[in-house]
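Sharing a structure here in structure tokens format.
Think of it as A, B and C in the order they're written, each chain with its own count starting at 1.
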Amino acid sequence: MSVIPDAPDPFARDRGGPAQPLLSVSGLYKHFPVRKAGGKKQVVRAVDGVDFDVLKGETLGIVGESGCGKSTTAKLLMGLIERDAGSLLYDGQPVGERVMPWRSYRRQVQMVFQDSYASLNPRMTVEQSIAFGPKVNGVPGREAVERARALLARVGLEPKRFAGRYPHEISGGQRQRVNIARSLALEPRLVLLDEAVSALDKSVEAQVLNLLLDLKAEFGLTYIFISHDLNVVRFISDRVMVMYLGRVSEIGPSDTVLDAPAHPYTEALLASMPSLDPNNRTQAALLQGDPPNPIDPPSGCRFHPRCTLAEPICSETEPPLDTVGPLHRVSCLARQPGSGHSAAPARALAA
Amino acid sequence: MLIYILKRLVYVTPVAFGVSLVCFLLVHLAPGDALSAVLPADATQETINEMKAAYGFDKPLPVQYLIWLWHVLHGDLGTSIATGRPVLGEVSRAVVNSLILASVATVIGFTFGTLFGFVAGYHRNSVADRAASALSVFGVSVPHYWLGMVLVIVFSATLGWLPPTGAGPDGSGNWRPDFDHLRYLILPAVTMSVIPTGIIARTVRALVADILAQDFVEALRAKGMDEFGVFKHVVRNAAPTALAIMGLQLGYLLGGSILVETVFAWPGTGFLLNAAIFQRDLPLLQGSILVLAMFFVVLNLLVDVMQTALDPRIERA
Amino acid sequence: MTAPITAASMALDGGVLSAGDAAPEAAFVPSRGFWGHVGHRLVRDPVAMGAGAVILLVVLIAILSPWITPMDPYKGSMLRRLKHVGDATYWLGSDELGRDMISRLMLGSRLSLFIGVTPVLIAFVIGSAIGILAGYVGGWTNTILMRTIDVFFAFPSVLLAIALSGALGAGIFNSIVSLTCVFVPQIARVAESVTTGIRKRDYIDAAKLSGALPLTIMRVQVLGNVVGPIFVYATSLISVSMILASGLSFLGLGVRPPEPEWGLMLNTLRTAIYANPVVAALPGVCIFVVSIAFNLFSDGLRAAMEIRQ
């Protein structure tokens, strides 16, 4: 029988100190089998070798087009689907093994889903939904309900008015606040927000984003923030990771990645984003067409068929994720010294 | 398409074996054993054993099943205990009569069902719509054996227009397509058509209303297409589902005709089943049920394939 | 693991918190909850309410009939056979053995309702259990259970009912058993598809993330959401079940004389269709009225449950 620590400060539960990444992901793979006509077995390479760290207290944004593996990565991180390969280290401890079974991991890592309606049980009141987690973890009923009410108040929903409501009786923004409150009910240290504000109106979205920032400061949270909206990611993230066809194409500090992107894909994503400022419009080529089929991804660099810098070598060599600046890593041959790409910087710097 | 048909066949085969197993076990559900109905009460143990061996009842159940299945696959459904004639012949004669009745009833049901369904779907919430809804509720709620009785009371007992029972004037068991026999067909066919009428009307109404509410209909009208052209599009979109429902209804009527056939003494499978049950003629019961269920399985398969062939939206892979 | 069960009771009673839990705050904004909304909408549906009233009336008659029948339903008189409707003594006439029709119809409602409703109730329990299990567990369990169900779907329901009854022999118990076997696969299939749909919802994932055990999730998060739709489907089967159950008796496979049951009465009165057609048709009117009432009520319930999401 486990009991949730009453201490509100998650750093009280810290093991490895501030330098130890809160979550360390390496070699993460997930291939989904599909059957095509004719009975041939094939796989969708949804997540195809992903490594990254989530630092304590930061917000890591994950961006990419739909189908790039963002949501599969989220589900893998939560253990909602089983990974084919790879390891998760939570505060230095391997997840899914004896020192850190999924059950204890999930009390520290929680998730907020995109669809605010589908993620709440329509037959439970708001308060019951929030109290469910603490209750199944051994918190006495009345205490769990009190905690639910306190959380409702904290996310800006007056308990007297909202606790007894059902999901269909409140607005989308209010529902997402409820979902956030539920994710906090187990007092996690890491919250994974999977397109958590994408379905909301712009004005509501801004309110919820501000709420997220407040909660983060108050509870000392770490966020993984998945979104397709670069503006939102720029607003909330400390670091950004760009994914393309199941792989990481660029990762680094938000300002660097979003203002001076090193990967042509990031550049294209930024360029395809509508800007209100005429001086801010880039001349870079927009993304052409849809991403290629993840069943049969292009050889070499997966982005080369849509890339403006593509050279023959790009379809032959798979680019590694290499460091190009402080905390800034990119998987593009054109940015890697000695790669053989004509635009690559000189090797001298590295030597 | 061929691959699709093969896939359906692969899927249907275990179901068909399951059906045969259920039919086989049905007889073993029966209280007492299959021979008690024919053996005299004072039969010696020796006679009983002899009979058991003759019918293969002395072997273990799985062996009996395999032997039975082997015979069935070779078209041998056994011998009727009551008449001593092969079950297959008895059942085939009855199936023909039932099929005539069920087909006519299905055609009547489809005609009126689609008619009411279209009117109701085109004029939602009108008087016609209400009437069609009432009719479909009536169709699925009325005990059809009672409706048969009421029709007999009205058209035979009171008005004397149509014969109350039987399949023909000579009292014979074979229906022929002439005027005299047609008069015998009317009441049972109308009685049986009530259920498919209700169900088809309900389905077609929903289909038509759905199709009319779709954007493409608006686009057709905006392009200047006349109402008849739009109507043709609606028909084309509603047809696969409506036809599929019709096919399934034919199967249900064939299998469910026993009550109506009893009321009208129609010499079909229902009548045969009734006789088999009350004479405890288990081979006949088993054979009739197997034939009817297999007919339904094949019909389902045909409906599936036909629906897929007609409707390009259904994934074939 | 001893997860407290309070959450389960909360979810299953459809919403309102139990008194102990609600103690700290008295001033909730009243919320109807799901079933509250359904009830509210149902009450405003005149057709469903009318059908419900008919059902209630028949149920009341069935319960009270042993004490309120005007005459002895079993006592006949060969001198008073087949009296017409409107007779001074026999208000709805008398049957072929001179027994009072209205008394027999009233008492007959007991057996007719019993043999019609019981199979659906039993099948609701068994079918839901099979379907929810198959839907929630998935994988091979699902394949095996649902393929077995498919075999029973290969029989038209009337045929299956009659085949089973025919093999088992006549009697109330056997007729209930056969009809239950007819409805279990149908309910199981609906239960399976509803459960499979629910299982993919995000809130089930969220519940998994909270660390709840599968059984707790099943009880608290799944059951409350699947029982409603399955129940509505089951109510739509009562009408068919009434017709089939009385049909079995009509064939001589269900209730045995001299017990009054509408289907059986219809059968024995067939000989009287020339002498007294109206009386002969009366038991069928009863089956029809009850069947249509169940159908309309079920339709109303289904419509009331379609709450926009």
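Assume a residue touches a chain if its C-beta (ideal position, glycine included) is under 8 Å from a C-beta of that chain, and two chains touch if they have at least 3 such contacts.
Owing to the predicted nature of the structure, the values given are computational and were not obtained by experimental measurement.
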* When you average C-alpha coordinates per chain, which one falls nearest the overall C-alpha average? Tell me, please. => C
* Asked: Taking each chain's centre as the mean of its Cα atoms, which chain lies farthest from chain B?
  -> A
* To do: With chain centres taken as the means of their Cα atoms, state the distance from chain A to chain C in Å.
  => 49
* Structure fact -> Here the gap between chain B and chain C, centre to centre from mean Cα coordinates and rounded to Å, is 25
* Asked: In angstrom, rounded to a whole number, how far apart do the mean CA points of chain A and chain B lie?
  -> 57
* Structure fact -> Contacts with two or more other chains occur in chain C at residues none
* Asked: At which residue positions does chain A touch at least two other chains?
  -> none
* Structure fact -> chain C contacts chain B in the complex at 147-148, 150-152, 154-159, 162-169, 239-240, 243, 246-247, 250-253, 263, 266, 270, 273-274, 277, 280-281, 283-285, 287-288, 291-292, 294-296, 299
* Structure fact -> Residue positions on chain A within touch of chain C in the complex are 1, 78, 80, 103, 106-107, 110-111, 113, 115, 117-125, 127-129, 131-133, 135-142, 145-146, 149, 159-166, 168-169, 179, 182, 185-186
* Structure fact -> The chain C residues in contact with chain A across the complex are 1-4, 6-7, 10-11, 14-17, 20-21, 23-25, 27-31, 33-34, 201-203, 205-213, 216, 220-221, 224-225, 307-309
* To do: Would you tell me which residues of chain B are touching chain C in their complex?
  => 14-16, 18-19, 21-23, 26-27, 29-31, 137-138, 140-147, 149-150, 152-153, 157-158, 251-252, 254-256, 258-259, 262-263, 273-274, 276-278, 282, 285, 289, 292-293, 296-297, 300
